[in-house]
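Both of the next two complexes hold chain A, though its partner changes from chain B to chain C.
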Partner chain A sequence: MAKLRPAGERYKYPLPIHPIENLPQLIPHNPISWVHWLYCYYKSFNGLPKRISIKILARKYCHIIVDDPDEMLFLWENGFFGTGQLSRSEPTWKARTIARMGDLCDEVDRGKSNLALEDITDRRRLQRIDFKKKRQQFEDQLLELRRRGGTIEDESKLVAKERESLRSLKDQQLLSFKKQNDTQLRSEDSELIDEKGELVNLESLELTFVEALFLSFAIPVLDVSPYVLIERFLGPIATLEYRNVYPSIKQYVAYHHYRSHGWCVRSGIKFGCDYLLYKRGPPFQHAQFCVKVLDVDETHDYTWYSSLARVAGGAKKTLVLCYVKNTTTEEEILRLLSKKNLTKALSSYEVSELIYRRWVPGKNRD
Partner chain B sequence: METKDRAEYIVQLVRNNLLYYQLWTNVCVNAEQLNWRGQIFQVITGRPSHKLSNDAAAEGDTKLECVLPVEMCDYKNSDLTLECLDQVFTKLCNKDCKRLTLAIVNNDGTVMFYFVYKGIHKPKRN
Partner chain C sequence: MSSVDEDSKQQVLIETPVDSEAEDDDVIQDWSDAAKLSKKTTQTSLPKRGEKDYEPDGTDVQDLLLYRARKAMFDTLYNAARGTTLNNQVKAYYVPAFSEAVIPQPKGNFLQTIGKSDSNGKCWLQLHEFVYLAERGTIAPYYCKSFPIISGTENQDFEIPLSMQDLYSFFKSQHEMDRYFVYAHLKRLGFIVKLTEDHSTDYTTFFAPSGDSKVKRKLRLAFRSVLNFWNKQKCLALNTFFYGSWNFLIRKFTSTPQIYLGLSKLIPTCTPPKTIKDLHRERFLASKKDTVPHLELVFDLWKPQTNFKKKSPGLPDFQVVIHNKNDANQHFPTYSDFRELFHSLDYKFDFLSEIDDDISWNDHCYTNGVLRSEYLSSLKSKAVQMKSSIHNKMLRSKRGKPIKSCSPAALQTKRLKSGYRSFLVAVMDGGLISFVKISEADFGSENVWYVPSSSLKRNKGRNRKVSQR
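== the complex of A and B ==
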């Protein structure tokens, strides 16, 4: 839920595990301060007091679900993990619904919610629709004029009028872009209120396989073992085949690589790539890079790269081709997995990158 | 049993998405089912909260839309073939339904929507 807190403070930590804070001041020439500092250092603990519990739903394609509201918020605020199932990314459905239904859920913490990102987008879209309607009207008039055989002067007069009026509409829209108090209720909404008169929380946070593996293997956050996750997604560890394991390992190696270099990594499914890289996270700026993960020997025809690059370029992002290479043998990886040595298995992979960017000689002269 | 659980899960997810995220009305999960190579398909109908595309301009106000929930897992191959879509159009939709909306449930928690037209269609204006 959106709280009135500056983003820098709200998203202070890049990961769910925080550095040890509140250590006493260390005075180099005072040995007692050293002893005190070391004592405090050893006494403090930066793990989570309680690991976050997940549910794994369905069996063919697994869905990893976190449904406790505090845990959902925690995973989002500390590294932007997971996606709200009824939101664009941050699980804001409850706050948005409270704002929409207004008086009906007065008792629920209303007023705390400010404008969610989804609302802003909605308002922009509505304004754009208005704009298009107006433009269509003028175009119909122009067509009519031509049909009647109007002169060029008439036509240019009309076009000038169109331009003027559309511009003033745009200016007006910019000015009126502030919160309106619009409560809409539908008969369907009664389903959302339980017997106690409170809003039912329909939304859960969903984690992808790589996110869940990262939160259990790389940092101890989820209360599930990485091997359990692998078994649920890929089958019993003893009978794994390399061709079934490799696609997931490849994805994870790339994910871990960028996370450990400090990037906020999120799914790139909307842009036809594997990952999006954010410098800090979605509330701060748009993702700068689209990452496509490839095997080191993988090649495709030119149109394949071209279509990826054009989608990335159209969204003002840079396409990164991330090549993953296995430095040992397939049998060795399977042997390490069956011995539950995931660390060694995963560190047998190397990652290297290429940036693939369209270059237009007439435009990109720098 | 597994297939059934899975189908129900994504149908419910898409229904909630349409009703309480996209704010559609008259959302109804149709009872008819299509079993296609072990997968169960079901269609949801509903009325959008605003006009979805300019296709509707000729047809007047917003009309009932047909939505087909399908599941996708990253870039794994899906079972959705031309033949399968044809069966969905003939068995699960109205006769005069010219456009189907695919609701693709991904395993990262997002649902994406895509139009599928029966045959060739004039592109929309931006």
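== the complex of A and C ==
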């Protein structure tokens, strides 16, 4: 359950595999401490005590689901994997519902509830509506003044006043960003409570194919073999065709590349690209880069590129074109896959990047 | 909607988008003050326009403001003196045999950056330069029936005045047309533009003249491929273990970076040249290809400057490729096309000055095979150049703090965002031109993982259990 603790502590580990840190102090002149240290070192283990179990639903377009609440939260807090099905990204549905229903739920549960990102967005929207209303009032006044035939000096006075009061409204809004505790109940809410009076958890965490492959192939987190995943998504390994495999491999190669250099990689579907790159993670910083993964000899109409760049630029992100090149042959990749040598297959791809940016002559003249 | 709110110019916007990355277009000038500007030139820059009204409100005031703004524009346009003075007119003759034009008696400011003079004191213009100057009204275009023109003879038979339509008909292909449009566009914006392939002037290059030693190159290439092979095998062995089922059972990682380092060996990346040495090495190893590339660098671009030397221009600030969006024979460059363009770049690699503040370009480029600084001193124009370098230093200090004072994280972000070698693609769509800057990036050499501070590390043992289960 999300607790009120600082983000720096909550999201301390960037990967679900944690480093060994609880080794005792090593005292050079005390041999017993060596033994103790060695014993602890020997006993400690990087992997998880129990691998996270997943369900693969549907036949043709598979969904990879994690539905244990603790495991969902664990994947989110350690590297921001997956997306809550009923939330924006972090699985917060339960916390939000508890906050909304208030007294109906256990008091204990309520104490834990935190202000979810979705709530914050809602509140900002309301504030913006307030702001716009106030602005409209001034616009109406200005119009009235013009109709009455006011001078330009009068108008500019009014405009100055408008700015002044709008600015103070903004300041006020910032100050009054306090917790409003209003419970809203809906008629169907009673069905959400089970016989013990506890909220039923409807939400589960959905992993994308690349995320699941990373969590099973690169680091042992999920209790599934990468080849099982590949079989479910791409078909039986023995009869794979390159044109079916390549798109997914291309995506995974790019994903692994950025993940392995420390980026938090999330889907870029909302910005029309393949991936968004966050430093540390979404709670800390806005994503700075949009990544589009391309084949080396792939080309599109200019409009395709310019629309991508416009969306990315409008969100103050830099567009990165990531080209994935196969350095061996298609047959070799298929052969390696059928021999279950994913490591060698993946490392025969090479990644290179270009930055695509609109260039405005007037701003580059000095 | 038109701009009406003139008086709000002095006031600050409520929410000013401060970020310079915000992609707004060039500011449109406010005509109401342009007329005043031309009279008293104390003000150096054009004033910006005020805020726009959101919608027509049906009042007279708005109409009045609109009327005033419009009138100011038309007044400005009407009042300016137009046309050329006959005495100052410069005649240029188009010589079909060379597809070039000649100015027998060259004079005018434009000569600082355009055209090349021959030994007879005549100035030769390339077709696009000729059309551009004619379109601006700087020169009067004539057709030259017979060449050479006997200067001084004002024989009407030799002079057929040309119209703009005539001039445009001289372009032989769509490609030449596109070239002209991009040239004229950049020229009007104040840039100094030259054809990249035009090496008639004293040619400056970033790359040292090298003795052509094929053997040495082949050896280097062979050595490189052996090294690459070896590295690949080594990585493969490491990876096979890392991604094997025993890895986390046997090995103990005591910090997150160790895990990341293991992970990052899997996907090889292409590293672009980043230093002067890298650039030279890459040029040395690059082999000359016989195939005609899909795209070629067309223009060299210099930022507007007063001490531009037409005879030995030095390294350009940008290089431009032209892509016509509507031409069925062209496609937007693929990665391989981009690669070839990057290999052929030869400009003032601006990312080098991001690494080193005091890079002196004259010591790193070669004119006619000698270091440019030596070349310049031999020209005895050192004084002028000194002035310009002082000027450059002042510019730099104005631009912001020196590189060394930036934090490593800020520098890293800068490297990632602006990349390394770059060039411009001018995309033609009908008559519209938009520019794109393509730069090489290197995410493979930058690690951005978060290293927790030691204070957090100390109370971790407890947290680990909490957060794991």
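Note that the second predicted complex is superposed on the first by the 296 of 366 C-alpha atoms of A that agree within 3 Å, B and C clash if a C-alpha of one lies under 4 Å from a C-alpha of the other, contacts with A are read in each partner's own complex, and residues count from 1 in each chain.
Operating definition for what follows: contacts are C-beta pairs under 8 Å (C-beta built on N, C-alpha and C of every residue); 3 or more make two chains touch, one makes a residue touch a chain.
The structure presented is a predicted model; accordingly, all values stated were derived computationally and were not measured.
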First, second, both or neither for A:W34, with chain B first and chain C second: neither
First (chain B), second (chain C), both or neither touched by A:L205: first
Larger contact residue set on chain A - chain B or chain C: C
First, second, both or neither for A:D297, with chain B first and chain C second: second
First (chain B), second (chain C), both or neither touched by A:T97: first
Contacts of A:L192 with chain B and chain C, given as first, second, both or neither: first
On chain A, the residue positions that both chain B and chain C contact, one per complex: none
Complex contacts: residues of chain A adjacent to chain B: 57-63, 82-87, 93, 97, 100, 126, 129, 184, 186, 188, 192, 202, 205-209, 251, 267, 269-270, 274
Residues of chain C touching chain A in the complex: 5, 7-8, 11-12, 14, 19-23, 25-26, 54, 57, 59-62, 185-186, 189-191, 232, 235-236, 239-240, 243, 245, 248-249, 251-256, 258-260, 263-264, 266-270, 303-304, 318, 323, 325, 331-336, 338, 395, 413, 416-419, 422, 424, 427, 429, 434-444, 446-450, 452, 456-457, 460-461, 463-464, 467-469
Chain B residues within the chain A interface of the complex: 2, 5-6, 9, 13, 16-17, 19-21, 23, 25, 27, 50-51, 71-76, 106-112
In the complex, chain A residues that touch chain C: 8-10, 12-15, 17-23, 41, 44-49, 70, 74, 77-78, 139, 143, 146-147, 149-150, 152, 155-156, 159-160, 163, 166-167, 217-220, 253, 256-263, 279-280, 288-289, 294, 296-306, 309-310, 313-314, 316, 318, 320, 323, 325, 327, 342-344, 346-347, 349-366
